Amino acid sequence: QDSSRADSTDGEPLSLITDSPEEGFEVAIQLARKGVTSTQPDKEVLFMLRDVYSKDPDALIASSQVIAIHFQTVAAANNYWRTDSDE
Amino acid sequence: QDSSRADSTDGEPLSLITDSPEEGFEVAIQLARKGVTSTQPDKEVLFMLRDVYSKDPDALIASSQVIAIHFQTVAAANNYWRTDSDE
Amino acid sequence: QDSSRADSTDGEPLSLITDSPEEGFEVAIQLARKGVTSTQPDKEVLFMLRDVYSKDPDALIASSQVIAIHFQTVAAANNYWRTDSDE
Amino acid sequence: QDSSRADSTDGEPLSLITDSPEEGFEVAIQLARKGVTSTQPDKEVLFMLRDVYSKDPDALIASSQVIAIHFQTVAAANNYWRTDSDE
Amino acid sequence: QDSSRADSTDGEPLSLITDSPEEGFEVAIQLARKGVTSTQPDKEVLFMLRDVYSKDPDALIASSQVIAIHFQTVAAANNYWRTDSDE
Amino acid sequence: QDSSRADSTDGEPLSLITDSPEEGFEVAIQLARKGVTSTQPDKEVLFMLRDVYSKDPDALIASSQVIAIHFQTVAAANNYWRTDSDE
């Protein structure tokens, strides 16, 4: 997972509350990458590894799974972005 | 996971709210693929990899698992598509 | 996972609501297989792969895990099949 | 996972409701094995495979994880076996 | 996972209710090991395997994941050990 | 996962309740590492292994997943750090 994106929160404090599922998915991606960079903070190493995992189906599916778990958390945080008509 | 489908939301904004479990499963598949394309946006690479993972039992099971996690999120979002008689 | 079963819903629309945990487990199996066939729809390929994964302990455990995640969803959908005496 | 136990429910219909966490853990084990036998019903094959996975640390940990997911479901079904004093 | 600890509940019946997150984490570890010993009860085999998995990063991470799933269950059981001031 | 951080709770008892998602993510990292050190307490072994897993994409993704599961627990414990305006 490309780590640069994890830091591109343009200084905004981390929040799980978003306006839409699309934004929520972005936060999930950010959190998944934050999990990687917290274990391996060296951007050069991560950049080198990107070439490996971004062409490995198993790693791509495993990354998608980490995003899925975080998206489940963010979706619950936003009450699934239900509108009144959905309730 | 065939990425083309992830973009076939014909321009509709992403939503977790659907009319049926069947539609909900489609959204789960779409989200699982979105997790892959967010890490590897290059469609040609994904198309090449498809030939590998679509014939690998472990990868097929792992893909099904990512869909299962997203389906759990979508099902909760739709209160499990319960009808009044189910409540 | 033997995909034929995923389509044997004898035309009934997909529903998470069942009368018993046993039926709920069947729906979980059906959903797990649906996740496989949505990625690899070719029945011949799936039949060929069945010979591989059905004798591989890791694949059997991984399949059981996908079923477990779907069963968690179906069980919540049915309020864990609690009867009044259980409440 | 030794499949014989999955069928030793002495004819009782499958239920998630139990009197204690210990019994709940037994149901979780039963469900995890049911997920294996639903994919591979041949007891002889399963018995042969047992020799492999029961001495493989990765497979033992993976089995424990499937049980953990089912135990989470069973624990929620039983309101975590809370007594009035716990509420 | 060192199985001896799974039995060190000094005869106390298994309970998910604990006084603190720290104790809750201990129960999660105990449940994760119980999942292993339910599949492989032979302590000698487990002791031999310990030498392998306790030096294998993938196995250590996988064990931590099983504990994480059980801890999620135990934390929910204890309403996340919230005090009145947290509510 | 670098185990030193798991003990750097400067003596404070483990708590899931934090002021922000950022702090919650730190607790999730701490819990994920606690899961590793509970299985392998030997710091020297862990330090040696760090060199391996911190450069292995699969291990980095798997670590991120354990953190994701714990973060889901911590987020629920803190009601997703919703403010009144979010309710």
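As written, the chain order gives the labels A, B, C, D, E and F, with residue 1 at the start of each chain.
Note that in this section a residue touches a chain if its C-beta (ideal position, glycine included) is under 8 Å from a C-beta of that chain, and two chains touch if they have at least 3 such contacts.
Owing to the predicted nature of the structure, the values given are computational and were not obtained by experimental measurement.
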item	value
Shared chain contacts [chain A and chain E, defined touch]	F
Graph separation of chain B and chain E (steps between touching chains)	3
Rotation angle (°) superposing Cα atoms of chain A on chain F, nearest 5	60
Most remote chain, CA-based centroid, reference being chain F	C
Chain D and chain F: spacing of chain centres that average the CA atoms, whole Å	28
For chain A paired with chain D, centre-to-centre distance based on mean C-alpha positions, whole Å	32
Residues of chain D touching at least two other chains	1, 53, 58, 62-63, 65, 69, 72, 76
Partner chain A, residues of chain F touching it in the complex	1-2, 20-22, 25, 29, 53-55, 57-58, 60-65, 67-69, 71-72, 75-76, 80-82, 86
Chain C to chain B touching residues, read off their complex	1, 13-17, 31-36, 38-40, 45, 49, 52-53, 56, 58-59, 62-63, 65-66, 69-70, 72-73, 76-77
